[in-house]
Amino acid sequence: MSQRIPVAILGATGTVGQRFVQLLDHHPWFEVAVLTGSDRSVGHAYGEACHWLMDTAMPEWAAKMQVLPTTPVEYDVAVAFSALPAGIAKEAEPALAQKGIAVCSNASAFRKEPDVPIILPEVNADHANLVKAQRERRGWSGLIVTNPNCTSTGMTVALKALQDAFGLKKLFAVSMQAISGAGYPGIASYDILDNVVPYIGDEEAKVEWEPRKMLGTFTGESIELADFQASAHTNRVPVSDGHTLCISVELGQPASVEDAAQVLRAYRGPEIARDLPWAPNPVIDLRSEPDRPQPRLDRRTGKGMSTVVGRLRSDPLFHLKMVVFSHNTVRGAAGGSLLNAELLVKMGLIPAP
Amino acid sequence: MSQRIPVAILGATGTVGQRFVQLLDHHPWFEVAVLTGSDRSVGHAYGEACHWLMDTAMPEWAAKMQVLPTTPVEYDVAVAFSALPAGIAKEAEPALAQKGIAVCSNASAFRKEPDVPIILPEVNADHANLVKAQRERRGWSGLIVTNPNCTSTGMTVALKALQDAFGLKKLFAVSMQAISGAGYPGIASYDILDNVVPYIGDEEAKVEWEPRKMLGTFTGESIELADFQASAHTNRVPVSDGHTLCISVELGQPASVEDAAQVLRAYRGPEIARDLPWAPNPVIDLRSEPDRPQPRLDRRTGKGMSTVVGRLRSDPLFHLKMVVFSHNTVRGAAGGSLLNAELLVKMGLIPAP
Amino acid sequence: MSQRIPVAILGATGTVGQRFVQLLDHHPWFEVAVLTGSDRSVGHAYGEACHWLMDTAMPEWAAKMQVLPTTPVEYDVAVAFSALPAGIAKEAEPALAQKGIAVCSNASAFRKEPDVPIILPEVNADHANLVKAQRERRGWSGLIVTNPNCTSTGMTVALKALQDAFGLKKLFAVSMQAISGAGYPGIASYDILDNVVPYIGDEEAKVEWEPRKMLGTFTGESIELADFQASAHTNRVPVSDGHTLCISVELGQPASVEDAAQVLRAYRGPEIARDLPWAPNPVIDLRSEPDRPQPRLDRRTGKGMSTVVGRLRSDPLFHLKMVVFSHNTVRGAAGGSLLNAELLVKMGLIPAP
Amino acid sequence: MSQRIPVAILGATGTVGQRFVQLLDHHPWFEVAVLTGSDRSVGHAYGEACHWLMDTAMPEWAAKMQVLPTTPVEYDVAVAFSALPAGIAKEAEPALAQKGIAVCSNASAFRKEPDVPIILPEVNADHANLVKAQRERRGWSGLIVTNPNCTSTGMTVALKALQDAFGLKKLFAVSMQAISGAGYPGIASYDILDNVVPYIGDEEAKVEWEPRKMLGTFTGESIELADFQASAHTNRVPVSDGHTLCISVELGQPASVEDAAQVLRAYRGPEIARDLPWAPNPVIDLRSEPDRPQPRLDRRTGKGMSTVVGRLRSDPLFHLKMVVFSHNTVRGAAGGSLLNAELLVKMGLIPAP
């Protein structure tokens, strides 16, 4: 690719927006041309407007850029990465798609729309083709694709491997989620130090539903939800980054721990998604130690893009128990949208300049 | 009671032993006459031998007492509270029972013995009568009763209320456990800061089995295990004190959230256990806020003896979901043994002096 | 005292306000008659308006009270405890004093006024008499007294003992402060988990100046600042409650560690302040262990009102080094104001009803 | 360099040993040929013997290596990196030097020896020449050099810049140190969660003395200690990695904040140390934000090798106040020893193979 594709980061000053800036630094295909923010930031240099929270230095190119308003869309890019709050996304993302921009959104606003796919390239790259129906129906020259809620992300990758091999009937999932998932300032320190908060607003419904869409079947026109039932409990714990889930799974047919391990270890995902710049490598890191995965030790696996699975064992009620981990603001947010954009380019759904 | 009953604390220098010392300070029925410890401590004053970790000052009477060896049993008490490691408990506790001492043990060594009850007075006070068969069979003038693993404790109280009203068929339980449950020094800080450890050795089997014994039926000779299946995942989180569990329950018959709430709120336990000095008050604190219980806010409820339940709601797979909390080193350890001893006195199984 | 004195808590829904509610529950002299809050809370029951963060249950009398506006002052009390933000305190507190109410303020708004004392009863009870000059000068029938910044509190108690015995010339102080000192929501969890923030706005100037006023001399008309120089660094650490300070002190004359220990241990403060209901007991708890004080172990000493000192040793540059600890929202905030009110009653500056 | 120099890591299974393994992966000059450990590990593959705690995967070459005993020295390398406990270092390091091996030690055992330099290449590269006198005096063909205590490290870099420009007379330093500095298992989680421990054994004496040696003058035969006095308080805080110090400095001559900032920003260290593979870049990162440095945000600066300074301001007692941060197990331990070895190679004190 001789020339990089110009992209915008919408909501660039928040924690997910900052993660986009960090991950897009030196990206081989994309070049950040626009950073947008709220009224408070607009007109200021990003370096001044943004309370930078990443543990690597802010890239110099970003520090110098002037923050633009998200709407009206008076900027010209091929791709817009959206870290917008759901309410603003609801208005802004269709306006961008209307203008011919490919919106790769981390927001939840459109995930439930029948013609908007929720994509994890290593799981359901083919769902990206739903955007053809979307464009036709909505008269857009651009498009909207979404990535799932951060808590659904790693779990869905592991479930996909098992579903392909054995089918999937029931799922119990209990999460222990990092504070970065609540944004910034997000959860008050006095609420979470030496504590667990066993509640995250609206999260359980997402975790019970989104995997069914991603693991569903693309018919050419729409997605048929996968036919399994899920029950989720979601919790906030004093961890900076990375969501850990304990899951119990009833499969379509029984499987031994050994066979399941083999399947998880061998899983590579659709071929088209394997060699994208930010593709997870490995897709699944199956650990054999008794006490892994752990957020502090596993959050950097595959540059934060891998799904880490461990403690695979029999379940007294269902078939299998295991622990699934993934990085919530990398794989589960900015990295997820970024990988989706790479997939769209690879599939010819975003033209290279 | 005009004169207090002399008691021993076995393993008094560890964290559970210290909690016994703290809770027995000014106890109306019991007076600590003996503190035992390991070779390193024996012969020293408790105040010197013990690295005190409680957040109230060490009682002066304790500081002055000389630490004795646990065995041979050359001390004379009516009750021994055991905070011994399982391996040492295996030897020492029968020796004490043989000598006529009532052992109220927090150790796991004898919980699986058919003639040793696991007792939560507000759940299964009647199981204490199993000690008659125990004495007969083993030829003891003393006895051994145990309290459950700290993680089983609060959950079993909540389950008892539901079982009585609706029956109980399946249980899915995921714990987020405090570091104090691992003893001292226990878990290294570098392993748990900004982290979750999704593994606690041998814990899941206990959590899946012990409630079945406590919720089982005392036949006069033995305990028939309750007929339900459980699946547990146990995790360590960066919380100082108090275990939080997310549970999903399939009942014997469907129950609405309102009916279940009513049952939990009304639960008082067997009459004989209600007015013991350390009886939990309330037995169950059912919270209606969306985000409770939480360890930091709820660990002192009922002086750490209550079971706190919250987030009661429908479950898509089973009938009900909820969050259950109890203090692991108070209700789940030292306070549990203490309450068992109070029950035995009340039932006439330990004679008052 | 046959009848309790009616008091108001201003800014009752914040963390310091909640601490006032907790500490005033069952107070022998005072009865809470009024709770005030911001517009958002006014008109609601306190139990609904307040996101309760204390680890004991909200008193029932508080839950039922309706929250009133702070101004205009249309309520009738003898004492107002102020947990107001400095900006609002600036307006509201004089209005209350004008109306004849004794304002015991935790706010910083008036601490620098020459006729407003900063009082720690165990240090400078006599400074309370400054309110006579204050009333005369300002034409108030009420009064305003303040307690110091939470970080200055414990340190000033320890310094007073040393100053009385040896004089005081220079002070280095570095704080490690709890997150509760930042209010609620206060500091974001993502800013403090696994982290230290070496900056607290405006704090260092307070810590360098307030002790000089409290350790100064009351001339009958005003306070002459104590003649020593201080240098402070203030830091936020991941601790829920309790501020720890490392201090190095140059005295007026050299003192051995033993003599200084003797002085600290013997310090009892002015006689008039010794038997107030919330007087610290002990005033200073001098620890001899090598590694104390520690927030988790020492924050409940003297019901959170004591100053805990440890690690007393020689300093290579100045005379003495030590570590000083006190509870920031009890002794350093609500408990401090409460103790001041008790002192004023005892001194006859607030008439009993 | 066509061939890499064979090196050993002594005490390779501990946390500092693991950090050596991590940092030496793909090193351009050095190749790990030997890993040593304690009796428990000897004879096992490193991948099995070592409870890996780093947040990147264990290099495959390391996992396969067999752990050897540290002594007797029956292995052949040019350099030995020592992460040994002081007691074992005392015996083993001279034996290695005797055998012709260059020991770059992180242990404290020999730091006080007059003929053993404590080296920070960006501060006192010239002190490395002291090994000539050392070899002569001790009859060694090898040598021992040390790096300082982790807490002295960053502070000494900042002080060097100021000393060169303005001289140095007095230093007051208070540390807030990460738990990784205590090794593994090190500090118990129950001791540090929601807590500060204001004591670290033997640490303060090191922090008061070691900088005087490093900032001293190499006379050709020995080091004359720098002529300033220091007072240190050292504390443990709940931070995983990275030590933060608040320091106040009295200079030889007054300097404005602006001049000091200029000096710190411009500091580059001796030319010979500037382009070593692990040389810090920048040497000093002077932050202008009001609230930096912070461990979570700054620990990766310059791959963990930079000294990060912030909050530079006037001091009411001395001349300047500031906050200094450096990564304790990278710059302050393994990375420090590694950089010392690189310096020795560059200076021709270790022959390339």
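Think of it as A, B, C and D in the order they're written, each chain with its own count starting at 1.
Quick note on the criterion: a contact is a pair of C-beta atoms (placed from the backbone, for glycine too) under 8 Å apart; a residue touches a chain by one contact, two chains touch by 3 or more.
Computed from a predicted model, the values in this text were never measured in an experiment.
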Taking shared numbers over all numbers used, above half giving same and below half different, the chain A and chain D interface sides are same
If you tally C-beta contacts across B-D and across B-C, the winner is B-D
Cα centre of chain A to Cα centre of chain B, whole Å, reads 42
Chain-centre distance (mean CA atoms) for chain B and chain C, in whole Å, is 40
Chain B and chain D have mean C-alpha positions lying a whole-number Å distance apart equal to 48
Check: chain C positions touching at least 2 other chains come out as 53, 193-194, 238-240, 296-297
Listed in rising order, the residues of chain B that touch chain A in the complex are 170, 172, 174, 176, 193-199, 201, 208, 229-231, 233, 235, 237-240, 244, 246, 248, 290-297, 310-311, 315-318, 321, 323
Counting only contacts in the complex, chain B reaches chain D at residues 15, 53, 179-180, 184-194, 238-240
Given the complex, residues on chain B that touch chain C span 53-57, 193-194, 240, 296-297, 299-301
